[in-house]
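Shared chain: subunit A. Partners: subunit B in the first complex, subunit C in the second.
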Partner chain A sequence: MKRMNQTTMRRLISIGMLLILVVLFTILAGAGKGKFFNFDNLIEVVRDASIPAIIGVGVTFIIITAGIDLSTGSMMALVGMTMANIYAYTLLPFSVMMLAGILVGLLCGLCNGIIVAKFNVPEFIGTLATMSIFRALTYIIAIRDANGVIKSQPMNHSQYTWLGTGIGKFYYVIIAMIIIVAAGQITLKYTRFGTNLYSVGASKKAATLSGIDVAKTRLIAYVITGFTVAIGAIFTTARLQSATTAIGMDFEFNPIAAAVVGGVALSGGSGDVIGTLIGALFMATLENGVRKLSINTAYQYVIKGAIIIAVVIFDATYKARMDRKAREEGAKEGLE
Partner chain B sequence: MAGNTLIEAKGIYKSFSGVPVLQDVHFEVKAGEVHALMGENGAGKSTLIKIITGVYTKDDGQIYWEGKPVEINSYQDCQKLGVACIYQELSVIPPLTVAQNVYLGREPRKGPFIDYAKMNQMTQELIDKYQFPLKPTTVVDNLGIGQRQLIEILKGLSQDSKLLIMDEPTASLSGKEAEMLFKIIQKLRSEGVSIIYISHRLEEVYMLSDRLTILRDGKNAAVLEKEDIIPAKVIETMIGKVVDESAGSRKMLHSDDNAEVRLDVKNLTDKTDRYRNISFQVHRGEILGLGGLIGAGRTEVVRAIYGVDKAASGEVWLDGKKLNPSPKASILEGIGFVPEDRRNQGFIPLLSTTKNVALTNYDIVKINGTSISDADELAMSKRAIEAIDIRPSDPNKQVGVMSGGNQQKVVLGKWLMRDLKLLIVDEPTAGIDVGAKDEIYSILEDLAKQGVAVIVVTSDLQELLRVSHRIIVMRKGDIVKEFKNVEVTQSKVLSAGQGVEEEAE
Partner chain C sequence: MMKNFNWSKYSKPIILVAFIVVLSILRPKAFLSLDNFSNVLWSVAVIGIMVSGSIFVFLIGGIDLSIATLCAFSAVVVVSVTHMLGDTPVAVIAGVLAALVVGALAGAIHGIIITTFKIPAFLVTFATQSIFLGLAMVFTNNKIISCTVPAFTAIGAFKILGFPLPVYFMVIIALISWYILRKTVYGRYVYAVGGNPTASEISGINVKLASIVCYVLSGLTTALGGIVLASMTQQASSGTGAGYTNDVITAAVIGGVSLLGGEGTVPGAIFGAVLMGLLNNGLNLMSVPSTHAGLVKGLVIVVAVAFDAMQHADQSRKKVKKVKKASA
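Here is the complex of A and B:
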């Protein structure tokens, strides 16, 4: 008899969790206009999930290498504020403004990568430090009024804000998310770089012995995250039609949470981008449902945190059990 | 079949900080042979292999590959020649498939994408050629340790390796997995692949190898052809005839059966079958030596007695009282435990002698109001330092910077502060210099004189004979032999551990 492999099993579990949540909210909040289960609301959920999912692609790459990035929220603010400066003080075309934003994202990712992969600063503390630095830089370059007080910079030119809309209800951010998630999944599963990410996460020693450049692989994962953060920043500012220093505050939790719920193990070496997408949809559904049930939003954070702890505990015990089973069965079967 | 010389190491010398580890060693492997390498712990096997694989640099000597002199300065160098090392500590990547692991870092590509069809087909061809029980598309997560090891072998073969080095490959395999590996080894040999097979297990060496090189004390002791690989002879060669006759390697054991039983272990059985139905007793004032090969289950048994790991079934009685083993209960009952992995489990390197000694003794250190009495803590560590001459004698010295012998004394010292009934020491003198070894032996002997029951687990035969009053030998999780009130030699202990019946002398 063939046993289902752990990855497939974990995928079914995260899809199941998402479906249970949808059914639960449909029962509690009801179906129909203005309620939880209707097309308009569900597409809102997907829209809300898009930016965590886009940035989640990069963060997934990093977590697969057994790393972490706590700086994505601050990085998003810095990219947004860079673009706001170009918007406010230059007449450069919007395409150049966006390219500059992407460049800042790549540079931030490169900084993280160098700190973590070249200087071997532990990921957690390295990106915690850059989280602080990127946020501070955002304040430093923030647009100020005549009295020197930081103000929100409107970015409401229609040649830019169209990005915050869509073709009818199919928001461009959703389309971008689908493209980036697909590209991420293909990179992960069908290129050497993708395989290298898994190898580095599972065993740096084995990866090195197989001739894989561990430092380079980790560095590229951080640079890719910088790119996805920049894309996220562009869609966020286009939707808000402004840039503020508060953009992305506490955001870094979201892509990490999405990845964890979607089955990307924090210990590295497993999970994929589709899993993170499911995780992002789960978190967005949770937020939306809690809103529709008019529950105090503070509870949302309690629920989110509790779910993550539960998932990590489940993964650890489940994995230990499955590994033991696999070893035992492997020792028995297929040897004749 | 065995043909020309594939690799030859001539006149190899290596020493570490002045201590010679290899002296004028000669080692040769022919094409298509399984060449076993044996020797007691510290005979120089792993040093020799590390020189061949470029991990260590030799002090003198020359290595020849297919007759030509070569320099091997890194593992990559030896890979390029066609040598693959199958690591004990497996280095496969669990989330990837068999084929992805075999071609890791060398995946065939079509444009930017991995050509999975081709990669799986190439892997299948290798699997078919050597008849491995594997499928290219299976995710490694779902495989047992034996199969994971085969992936490593396959990886070596995919790089056209002509020589595979296997270091204790059966150490973590089940019986069935080991049988599969033996079949594969025979298949590889018939395909002309050479194998260096390092093992403590004589029966495997006996069954598999074409030739056997034995090292003793860093020198060549013998190279035996297949027909000369006779267990008794191998053991004699490993120990050395001369040595076996000498004082340190034979001993008349004396133990007193009438002494009161302190520890009584009844039918101790492991959850994962690493030991089963272990029953023995240790008497007041007796030092019991626990011998056997590495992996025989000795450490697991003593850990279960102390209660670090739980046994599945069985009972532990101390002074007529049934225990429910856990470290805390054991300490309170008067059991001391000196673990095998001193640095990670024996003491806290960053703490001082005082704190390390006090660590297991806070129940007997005086309390001033709500805080521990520093003075009493200090007095205790001074007593320990005095009693067993710990150096440096500064009680505030960090234990991490002390010599191995003194670190071990700190570990022992904390137990001496208690009213001990039983002391368990696992490999008490590993990595400790000769002088300190003697001091540790006399500490153990003093304890025994005071009536403490002592269990010594050791792989060092000389040590086993030196300290034990009685010896039991374990093999593959069972007690196979007890030496009591008889004359025992290193060969006899080793033979029992190997499962070799010694011929009547």
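Here is the complex of A and C:
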């Protein structure tokens, strides 16, 4: 029998984890109306997973190049607040407002990309810095009332809020997620850019030597993330029907967690967008289940952190074992 | 003449003096007052205490993104334990010890996970950051818990010769760190591990143990920072220490500590802490709201780290040139 491919194995493990979680919550929180396992609630889970999954597409691209982006939450707030300003102070059509939001997202991504890829600032430091820069900019452009106090800006025009709804229970954000995840997966697997991402993540030196523009590839990954963050911000504000400075607080954790659970190795060079989608569904199921069990939400932070560490430890030991096996087999073949 | 001017040698005092001059001109009355002087000292002390321990982690090429929330968690622990044991001076001592144990344990866990499984430090501390935040919220029930026990508030407020106690803590801890790094074999190991872990391993250094100790030291000083902060503000919550991760990392980087490992000194880091303290104070005096201050601080990090990265690239280019010349 041919041994199962390591990537397929990892995919099965993440699907298994998701299924186990669903079964676990069905047992603990019950099935039926108002409980955990029913159509309405499961659709809610998918809806909650959509935004981390959409932004996760960009973040996955970055992680495949062995990078990281800690600024997505703040970037989302900045995009949301930019649109809120256009909403509050101009009569521009909503399409222009959304285009402006996307432009801001692209610019933020470009900033990250330049800092990281052109100035060689370590990714986690560069994006940690832009995380506080983007959040500060959000506060600076925040909408204030007559007394100068920051207020939440309502964005409840029906020509905009329809984006937060759907055709029945089939929410538009879920449709957007399916399109973006599919586009991301195709880009990764069937385009030269996708292949370049993997090459850069596997070895920057080898990629440079084989003629890939490493800096440009990394930069584009950050710009794409800016785009996905802007899409996420549009759907978030449309659903909340308002923009606040608190949008995306602690959000940066979610797409990274989704990618890690879905088997995107933080050392770069492996994983894909479908994995991140499964990871996002896993995290959303976890949040929903914890809520249904009415556990103190503070535990969510503890559980999320612990799960990331557990998965990463698992991946590290699993990879070490596989590498050893491969070496041993190679040695055997060499002897024969 | 200007060509021979060694900018990197004198850059620190020049920046410091320039900073003080600018602030004195912009806000002469507020900045040069005695009250403000002690404000600056307090701010410097907390960052200085924390960076004196975190420098060990930076020197081995690691990072700690959990500084702020570990700070919050240890602040919560010291206040809760003090309350639990009846708000006596003995209870305060027990609380302080408990918080320090929590800090050391957290550091040990970081170190063990990072070295055993060879996982990037930023990822592990990114995950534990969430765990500490959650624990702080669970312990406080997401409220602010205050503590006005005199024995506790004295930690932050008591003054000797006009200087508040935290300043003495900072000086003592910085001296200990400096001594360990400069005068002990372990200190040499830390620089060696940061410079080249593989070479250190081959030359017989127990890289794993040396690294774990670094994380424990960082956890200890972070916890002490949390204790001092809680004492100064007479309260603790999951928000205590928010923003200190950036402040400590920035202090280290401005002070010439390379995040790539193997480079940096305690006096440098303390200089960074002083500059960060002045920056915090300056932003405060210019009535920049704390929500906007992140813009300035973020830019400072980016510029400082980019500068460091460029210098490193420059050095390696020069090395290559030298080798080429020698071989020619």
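Assume the second predicted complex is superposed on the first by the 328 of 336 C-alpha atoms of A that agree within 3 Å, B and C clash if a C-alpha of one lies under 4 Å from a C-alpha of the other, contacts with A are read in each partner's own complex, and residues count from 1 in each chain.
We take it that a contact is a pair of C-beta atoms (placed from the backbone, for glycine too) under 8 Å apart; a residue touches a chain by one contact, two chains touch by 3 or more.
Keep in mind that this is a model prediction, so the values were computed, not measured.
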{"item": "Partner chain in contact with A:6 - subunit B first, subunit C second, else both or neither", "value": "first"}
{"item": "Which of subunit B and subunit C A:137 touches, first, second, both or neither", "value": "second"}
{"item": "Partner chain in contact with A:308 - subunit B first, subunit C second, else both or neither", "value": "second"}
{"item": "Touching partner for A:212 - first (subunit B), second (subunit C), both, neither", "value": "first"}
{"item": "First, second, both or neither for A:317, with subunit B first and subunit C second", "value": "second"}
{"item": "Subunit A: partner with more touched residues, subunit B or subunit C", "value": "C"}
{"item": "Contacts on subunit A seen with subunit B and repeated with subunit C across the two complexes", "value": "none"}
{"item": "List of subunit B residues in touch with subunit A within their complex", "value": "75-76, 91-96, 100, 104-107, 109, 112-114, 116, 133-134, 139, 141-148, 173-174, 176-177, 179-180"}
{"item": "Subunit B contact footprint on subunit A (complex, rising order)", "value": "3, 5-7, 186, 190-192, 195-196, 198-199, 202-203, 205-207, 209-212, 269-270, 322-323, 326-332, 334-336"}
{"item": "Subunit A to subunit C touching residues, read off their complex", "value": "68, 70, 115, 119-122, 124-126, 128-133, 135-137, 139-140, 245, 250, 253, 256, 260, 266-267, 296, 298-306, 308-309, 312-313, 316-317"}
{"item": "Of all residues in subunit C, those that touch subunit A in their complex", "value": "63, 65, 113, 117-120, 122-124, 126-131, 133-135, 137-138, 142, 243, 245-246, 249, 253, 259-260, 289, 291-299, 301-302, 305-306, 309-310, 313"}
